[in-house]
Amino acid sequence: MSAPAAPLLTVEHLTMRFGGLLAIDDVSFTAARGGITALIGPNGAGKTTVFNCITGFYKPTSGRLTLSRGGAASPADIDALTASSRRSRKTAAGAVYLLERMPDHEIAAHAKVARTFQNIRLFPGMTVLENLIVAQHNELMLASGLTVLGLLGLRRYRDAEAAAVARAQFWLDKIALTARADDAAGALPYGDQRRLEIARAMCSGPDLLCLDEPAAGLNPRESSDLKALLKSIRSDHGTSILLIEHDMSVVMEISDHVVVLEYGRKISDGPPERVRNDPKVIAAYLGVEDEEVAKVEAEIAR
Amino acid sequence: MAAAATEPRSLPANPLARGLKEGLGAALLAFGLAVPILALRTEQNISNQLVLQPRWHYVGFAVLAAFLGRLLFVLATSAAAPRRPKAAAPAAFPAGAARALSILGLLLLLLYPVLALAIAGRAGAVKWIDNFGVQILIYIMLGWGLNIVVGLAGLLDLGYVAFYAVGAYSTALLAQNFGLSFWLCLPLAGILAAFWGILLGFPVLRLRGDYLAIVTLAFGEIIRLVLINWVPVTNGYAGISGIPRPTFFGLPFNASDSGFAAFFGIEFSPLHRIIFLFYVILALALITNWVTLRLRRLPIGRAWEALREDEIACRALGINTTNTKLTAFAMGAGFGGFAGSFFAARQGFISPESFTFMESAVVLAIAVLGGMGSQIGVAIAAAVMIGGTEILRELEWLKQIFGSAFDPAQYRMLLFGLAMVLVMVWKPRGLVSFRRPSIFLREARPVRADMVKEGSG
Amino acid sequence: MEYLLQQIINGVTLGSIYGLIAIGYTMVFGIIGMVNFAHGDVFMLSTFIALIFLLLLTQVLGLGSLAIALFIVLILAMLLTSLWAWAIERLAYRPLRGSFRLAPLISAIGMSIFLSNLVQVTQGPRNKPVPSILGEVITLSEREGYSVTLSYRQILIVVVTGVLLLAFWYIVQKTSLGRAQRACEQDRRMAALLGVDVDRTISLTFVIGAALAAVAGLLFMIYYGVVNFNDGFVPGVKAFTAAVLGGIGSLPGAVLGGLLIGLIETLWSAYFSIDYKDVATFSILAVTLVFLPSGLLGKPEVEKV
């Protein structure tokens, strides 16, 4: 089940420097197609920075972020794209994108990467339903003939809007918020806002869903609902997930693959079981000195 | 929140005693503020020297007004205090009532010239239709246009008058240099203004909040200064005159044989043109309103509002915020351009003086006082603020109290400024403080204003 | 060369005045993040207060010594302008603190309209020519019929500005008020929890800004020899431009920006076109905000995602 099959996203030698601060130092990992990849690490390890690079909010100092939609892109395609100055290239299976060359909104619109934020970013003054409709902006914009046809009230746009509402309703049912569809998103309780943000991201029909601490601040019941939701997103909708999470119960239970960062470097990478027992990871979380890690490693080796 | 908590701490039992005490404080403050600027007036004497003329009674008025104002305020608020727990959720405004209200308002507007004629007679109606009707409608239209930029997209624009000016000057110049009629100039002026909206919008895309406001202010001033100094084209301070008036399907409003009156076989009257202009601006304003309401329900309008709510989330959802902002600038500017074109044709004469920063401030005040994003709120604010200051011109009887040197019209902008402050302190979110959703599943519940963001851009 | 030197002298004089006004903008923006739109009109008000008291002292009370008269006028103008600024903050801004961002801005614009019209109504719309003060000049050099001069006025302006800036610098750096101010700039809520009287600190910020604007007002009146109710807006915008150019929130930046704007305006008028000198300032404002939003000495702002 684990990674090597066909990576959806390949991160190679990602480095991000803010002035004199090296936030991410040569990190490489992959996110498998149809899998859940977790990105963990102590506070300040650079996890959110990795997210911001993938979703285009930051331009990486160096490194290559390849996303292949539809199916694995051949190395030849990727090399050809890298050599060119273009952002994307059609492949036999679909298309391949170099995310580091794309602005944020194009990554969302074309490479189909959706994300949520650590400090929830809903449209608080718009209703729950409106939030989910805005997520389908680009499709609706086309259907409205870039506004002109919609302004005339043509059938094509009305049909498209009805379809958008239906999709929104599907996700509302899925996160059990249908009853609150017409309330302001900002008026929802915290846990509902978290779920709504995920539903909003899903309404944009992503191939890769990046979740920044989706379980933060949730109670145990909400947390287990979340796990079920994420599993269903992966298996029923074919959306791959990349998540940052501190709640180890969530990480260990649902993820297929775990990447551990510390001080901007990758210190471990593998299936949850292996990572859990990696002495470097234990040391990173418990704050043990390097020599002790060496000692523990030696003991394990023996 | 902190201010509200400190208020009711220790109210003396007797509101009158408290009122008197606070009134005295206010009077003292008013005295301190008034003495340096009100008590002595600088005047030039015959030999062009400045001399001081004492006018201590002005200080007396100010002190008395402050004392009575504060006293009455304290009495009024303490009378209302027991019924404190207000701030309940806004009752879901029944959609039927809102519709009935807007139909009634529309009917009233359509019949307004007739009513004015019936009540004020032929001579009096000119003032009511032109000074009040047309004037207020121009500001309603400008308010609605700016509302797209500020209220919906949350982009603070302090230079809106620039687009009004572009509309007016393009109409004047196109008419003068190419002999185009008003009806041809009007759409061209709108398009040119929208084009300028995009042009000026481009450099400021990255800016947020007050910075954006200041840069737009700078652009507005630059355009005005260019209009003043580029004399060969704009004729500078002297302005452009002889701008053709709108015709009724080619029939001019004059006393000639081919004029409107002659064609319909009625007696010529200057009122015809004024009434016609009223309906033209009414139609333009209604088109602005209709388009805006329509756009709010389209993806572009929702993207504007989403932009106001959270720009970063917009980008994460694949919305091209650059285009979204530019379309908002272009739409708002375009409507400003239409209004400017109408203004030029109505006046027949324009000069840079009509396009000062003050105009931008007035239009922005109308948009914000109306309640962000609310169409009806903007209309009410324009009617109250413009109508209210216009009405000061009518208060001739005050001269009998304060002497013939007293001209109430002088106080128009003074009171306008004061009203801006008072309305903001009283209702920071504007008159209509809830937002109507653009789409709903079961019922359209109004969204409380404190949820709605006002944009960071 | 002489011409240039003369322009630089004039530019520095003008720049000192802009710098004094700019401090009011930059301090208020630093502490409550608001563009105090009425500040330019507070400055204009102070020019009238200075004019009225100068006339009162010299004409009505017949005070002989100009130096003493100017000193009394300076103190009175600072006090009374500060009272106005205090009242404005208390009545028009404080109730809106923590409210929606646009509300204080609209309130400030309303206040600006109110002030300029108040002065127009009470003092009349005409220009007020001020009796010439300290018009004597020192000729620094004279060559080929062109002389470089330095007037007593210009010396007064630069010296007063320098002295007051030092005093002000001392207040902000060394006193508990200055500490409270910087604490409120960083985190108002935390400052309040630690016992800083936030309301008082903000009030005092407005008061200090207005006092410096009043100094600028007196100097402006002496320098130009004419005051008008309309003189709030354009000098206000220029001083704001100075604050932005120097980096808003930065006090040395405000002074530096003021000097630069004064120099640019003078040199532009001297070498290019006096008609477009305001266009030059407004363009600098726009260009700075677009390309260098943190100004010359300000701290850059990073977008948080």
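For reference, chains read A, B and C in written order, and residue numbers begin at 1 within each chain.
To be clear about the criterion, a residue touches a chain if its C-beta (ideal position, glycine included) is under 8 Å from a C-beta of that chain, and two chains touch if they have at least 3 such contacts.
Here the structure is a predicted model, which is why all the values come from computation and not from measurement.
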| item | value |
| --- | --- |
| Identifier of the chain whose CA centre is least distant from the whole-structure CA centre | B |
| Highest-count interface - the chain pair sharing the most C-beta contacts | B-C |
| Whole-Å separation of chain centres (CA-atom averages), subunit B against subunit C | 30 |
| Separation of mean Cα positions, subunit B and subunit A [Å, integer] | 46 |
| Distance between the centres, which are taken as Cα means, of subunit C and subunit A, whole angstrom | 51 |
| Per-residue multi-chain contacts in subunit C, two or more chains | 305 |
| Subunit A: positions in contact with at least two other chains | 57, 117 |
| Touching two or more other chains - residue numbers and ranges from subunit B | 312 |
| In the complex, subunit C residues that touch subunit B | 29, 33-35, 45, 48-49, 51-53, 55-56, 59-60, 76, 80, 83-84, 87, 91-92, 94-107, 109-115, 117-124, 126, 128-131, 233, 237, 240, 244, 275-276, 278-279, 282-283, 285-286, 289-290, 293, 305 |
| Subunit B-facing residues of subunit A, complex | 55-57, 104-110, 114-115, 117, 121-127, 129-130, 133-135, 137-138, 140-141, 144, 147, 150-151, 157, 161, 165, 169, 178, 181-184, 186-187, 200-201, 204 |
| Interface residues, subunit B side, partner subunit A - complex | 291, 294-295, 298-300, 302-303, 305-306, 308-310, 312-321, 327, 435, 437-445, 447-448, 451-453 |
| Complex interface listing, subunit B residues touching subunit C | 1-3, 29, 32-33, 35-38, 40-44, 48-52, 58, 150, 156, 203-204, 206-207, 209-211, 213-215, 217-219, 221-222, 225-226, 228-229, 312, 357-358, 361, 364-365, 368-369, 372, 410-411, 413-414, 416-421, 424-425, 428-429, 454 |
